[in-house]
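Each of the two complexes below includes chain A, the first together with chain B, the second together with chain C.
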Partner chain A sequence: MIVRLAFSAIAVGLFLLAPHALRDYQLFQLCLIAATAVIVLGLVVVTGMAGQISLAQSAFVALGSYSSAILADKCHIPLWAGIPVSAVVAAFVGFALGQATLRVAGHYLALATLAFTAIVQLILIHADHLTGGAAGMPVPGFAIGSLVLSKAGQLYYVVVPAVAAVFVMVANLLRSRFGRMLAAIRQSETAAASVGIDVLRCKAMAFAASAFLGALGGGLLAPLTSYLDPAQFGIIQAISLLAMAVIGGLRSPVGAVLGSAIFILLPDVLQHFQTYLGLVFALLLCVSIIVRPDGLASLRVNPGRSR
Partner chain B sequence: MLLVQIIMSALTNGAIYGLIALGFVLIYKGTGVVNFGYGDQVTAGAYFALITMTFFGMQYWPAVIAAVLISVLLGMLIYGLFMWPLRNQSLLARIIATLAYGTALRELLRAYMGPNAWPFPFLLSPGAVSVGGILVVPANLAIVAAALLVLSLLYLFMERTFMGKAILATCDNRLGASLIGVRVSNVFLSIWILASVLATIAGILVAPLLTLSPDMGLIGIKGFTAAVLGGFTSLPGAVVGGLVLGLLEALAGTYVSSAFKDVFSYGILFAIILVRPQGLLGPLLVKKV
Partner chain C sequence: MSPPVLTIDDVSVRFGGILALNSVSITVGAGAIHAIIGPNGAGKSTLINTITGIYAPSSGRIEFLGRRIDGRPAQEIARRGIGRTFQNTELFGELTAIENVMVGLSRHINYGITEGALHFGRFARSEMRARNDAMAYLAFVELADEAQSIAANLPFGKQRRLELARALATQPRLLLLDEPAAGLRPAEIAGLNEILLGLRTQQKLTIVVIDHVMALVMAISDRISVLDFGNKIAEGTPDEVRASPEVVKAYFGEGRAYAGGV
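Entry: the complex of A and B
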């Protein structure tokens, strides 16, 4: 208990210290990492814990960022309300998609989610009057009352605490009865069903959770990037998100943060080798799937607990 | 007349889809993995031919042969680096591995050949010839002919050669095949090599019709759809699935809306997986515990 309290105190201290110690651009990156980590966390739940591959995550990200931006633009619902609403809607969509597709396992699931992402992206491109079509749309500012948060230094105080809260909740959820049910399903669906777990419902719930997290992360990313381009929500991005989860560690919430941090910070590290950026990330993915299918987070001293 | 013209163009697209679907089916049937890197292998195959032509000054046919040889190496590399080490890992890990090497291939091409499109020579003239009032494009007919040729060669290989029979036996029953002296690891290696060669042939044929850029591999989704239509386990089914998809797409594009042509074909993929995962032609799947 004392350790945990001390840990929280250090975290809060670092959180308050960061804006004074870091430059605005670094805070911006911190926000990007936080928002991306939420999206990847969704994959940790559905792919890592429940063992169901999903290539639909970038579709849910698109759902979250586009619908919160459209709600703000057309209906004047501020982003702080629009983002959670969009995430809840996405969760229902995810649940429905899960119920429909999770009867088929493995490959067919990957294919169905792939098709879903492709369809969502094409709809974004063709629904010009709502989404601005292939040219994309600007994101309205993040307004709280009359105060508009435009700089990264201001958004930091919204994005990072929100993400931290979500992480604590999901980490607890994964240690709960629900998390253990997912782990049981991952190891053997037949065995899980035989002890009375409603496998289909559980998997659909996991899918709903991943959709919620994806849309939430997407909604938080939107005001940071301030512009939505449908080309950013395709199959290639879905694979990148999965890659972040794999590199960080598919079965650990910490891995989601690690994977996103690597993805966001890599361009800075490889400043003079921009052409090889994609290649380096792809090779990282290759190496980690061959050498350590459990990912970076499994390098911890006590890896047994995350299983 | 319009309908005949539509069918002609549908035939070309359908043959492309079928050709790509053949590779998916071959690997899935043989090794139980749906290969998500296959579309990128198709792109890489076309690039192999392009590189030997542009940078080594080869003619068309020598370049094709060189590309096929390189793709044999690629197939070995994929098996040796990814599929062999991961043979005892979960299906999830293997699916991710195919995504991983596909991404690596795509990014390799993007890094060294640039993100922009390259021109690629046609096998036959791309100019349209009027035959009895119908416009026929020799280059497109060549694709249809090549797809049928590849299918029949593959069929002969499977049915008439020892290696082919070993592959079929392994697909049927891995343990049984190994008991009668088939080396399963060799069979898997040859499947990956064969599929890699198929990908290169498909790539060389389709590159002039599509734009040859690192992202051409996204055509793979159409190949998936064709394979799913055909049941995912039958080689002739893959080609039939490709042709059916080409036809449906062309009809939807003409009579409904050309903008939603792609939505329509992804919708088919989605719907078939939900309603009839065994495909239009496939046998009923029974999952054994």
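Entry: the complex of A and C
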């Protein structure tokens, strides 16, 4: 308990200190990492915990980004309200998609979710009047009342606490009966059903959670990047997100943060290798799968089993 | 006589051209230990998998506590009060022993998703009670010392007992055990006998045991049904079954020497 309080105090201290110590661009990167980590956290839940491979995550990110931007643009619903609403809608879509596709597993599930991503991207391109089509659309500013947060230094105070709260809640859920049920399903669906767990429903719920987190992260990313281009929400991005989860650690919320941080910071470190960035990530993925299949998160000392 | 707990009525199961069960009828009385025995390939596991909803019968009906369960999904049948173990053990291998049992308790833990996300409200007390209950089940099968062991790392005999604890944690009215003695040493089988007799007399649990290990079945069963090639060929008390010529034939083949031990 005291350890936990100390950790929280340090976290709050760092949070308040960062805007004074870091440049605006670094805060921007911090926000990018935070928003991306929420998206990857969705994959930790559905793929890492429930064991269901998903290539639909960039479609849910698109749902969150586009619908919150469209709600702000056409209906004048501010982003702070539109983002959670979009995330809830995405959760229902995820649940329905789960009910429809989760009867199949493995390769077939990967293909079905891949198809979903392709379909959503096509809709984004062809629904010109709503989404701006292939040219994309600008994202309205993140407004709270009359105050518009336009700089990363301002968005930081919204994005980082929101993400931290989401992480605490998801980590708590994973250390509750719900987390145990997902772990049970991953390991033996037959045995899970034999103790009365509704396997299909649980998997669909995990899918809904991943959709919620994907859309939430997408909604938070939108005001940061300030422009939406359908090319950002394709199959390549879905695979990249999965790669982040694998490199960071599929079984741990911490892994989502580590994986996202690497994918966002590495391009800066390797500025002179821009052309070979794809190759670097591919190699990173291979090395991580071979050397540390449980991801970077498994490097830390296990801080006492869940209790 | 009290109404039966489980009624299997004229059940056939067909896989393509193979008739795995042929018009089998078995009635299991309340509070009984009922054994279903037969040589390999007799249809014993098919029967247990049909009762628990992994397969649906091609014809016939199965009633549990007066309600039809044939063709219902496995989790629904489990929720109505049928617990089971598996022939080759189906544990949640990466979880600890106590977590395995706590998964079995899942339906009896009553906090909701918000309480789980915020770890408040009923969460702490509920988890604490689940942990204590799980420990009690582990102690019952004499695995209290292994509570924090990863299930996959336990020796086979302990895995079997852990599976039993997990099934008991669902608080079933009927317990189905699929070859619980397979792979156990004689001393372990004696221990299992004690546990099963205790469950019947102290907790009034109805138990169906599928097995071909006679030492277990003959010692504890109230009734025995014998399957061979998907047909029920005999039924009765252990003594009646032991004396039945059909059973001797099915087990030892015609003309083979009576090997004793049955």
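Heads up, the rule we're going with is that the second predicted complex is superposed on the first by the 302 of 307 C-alpha atoms of A that agree within 3 Å, B and C clash if a C-alpha of one lies under 4 Å from a C-alpha of the other, contacts with A are read in each partner's own complex, and residues count from 1 in each chain.
Just so it is clear, a residue touches a chain if its C-beta (ideal position, glycine included) is under 8 Å from a C-beta of that chain, and two chains touch if they have at least 3 such contacts.
Only a predicted model underlies this, so the values are computations on that prediction, with no experimental measurement involved.
*Asks:* Touching A:T190, do we find chain B (first), chain C (second), both, or neither?
*Replies:* A:T190: touches chain B and chain C.
*Asks:* Just to be sure I read the superposition right, which of the two partners does A:V139 touch: chain B = first, chain C = second, or both, or neither?
*Replies:* Touch partners of A:V139: none, neither chain B nor chain C.
*Asks:* Determine, under the contact definition given at the top, whether A:R180 touches first (chain B), second (chain C), both, or neither.
*Replies:* second
*Asks:* Would you check which partner chain A:L241 touches, where first means chain B only, second means chain C only, and both and neither mean what they say?
*Replies:* The answer is neither, since A:L241 touches no partner chain.
*Asks:* One more residue to check, A:C286. First (chain B), second (chain C), both or neither?
*Replies:* Only chain B is touched by A:C286; chain C is not.
*Asks:* Of the two partners chain B and chain C, which one touches more residues belonging to chain A?
*Replies:* B
*Asks:* With both complexes superposed on chain A, which partner does A:A162 reach: first (chain B), second (chain C), both or neither?
*Replies:* neither
*Asks:* When the two structures are overlaid on chain A, which partner does A:L221 contact: first (chain B), second (chain C), both, or neither?
*Replies:* So A:L221 meets neither chain B nor chain C here.
*Asks:* Looking at A:N172 after the superposition, I want to know if it touches chain B, chain C, both of them or none. Which is it: first, second, both, neither?
*Replies:* A:N172 contacts chain C only, not chain B.
*Asks:* For chain A, what residues appear in both contact lists, the one with chain B and the one with chain C?
*Replies:* After superposing on chain A, chain A residues 190 contact both chain B and chain C.
*Asks:* In their complex, what parts of chain C are in touch with chain A?
*Replies:* 52-54, 73-75, 78-79, 83-84, 86, 90-96, 99, 102-104, 106-107, 109, 111, 113, 116-119, 123, 127, 130, 148, 166-167, 169-170
*Asks:* What part of chain B is in contact with chain A in the complex they form?
*Replies:* My answer: residues 28, 34, 36, 81-82, 85-86, 89-93, 95-97, 99-101, 103-104, 106-108, 110-111, 215, 218, 221, 224-225, 228, 259-260, 262-263, 266-267, 269-270, 273-274, 277, 289.
*Asks:* Under the stated contact criterion, what part of chain A meets chain C in this complex?
*Replies:* Within the complex, chain A touches chain C at residues 169-170, 172-173, 176-178, 180-181, 183-184, 187-188, 190-199, 305.
*Asks:* Within the complex, which stretch of chain A touches chain B?
*Replies:* 47, 51, 53, 100-101, 104, 106-108, 110-112, 114-116, 118-119, 122-123, 126, 190, 235-236, 239, 242-243, 246, 275-276, 278-279, 281-283, 285-286, 289-290, 293
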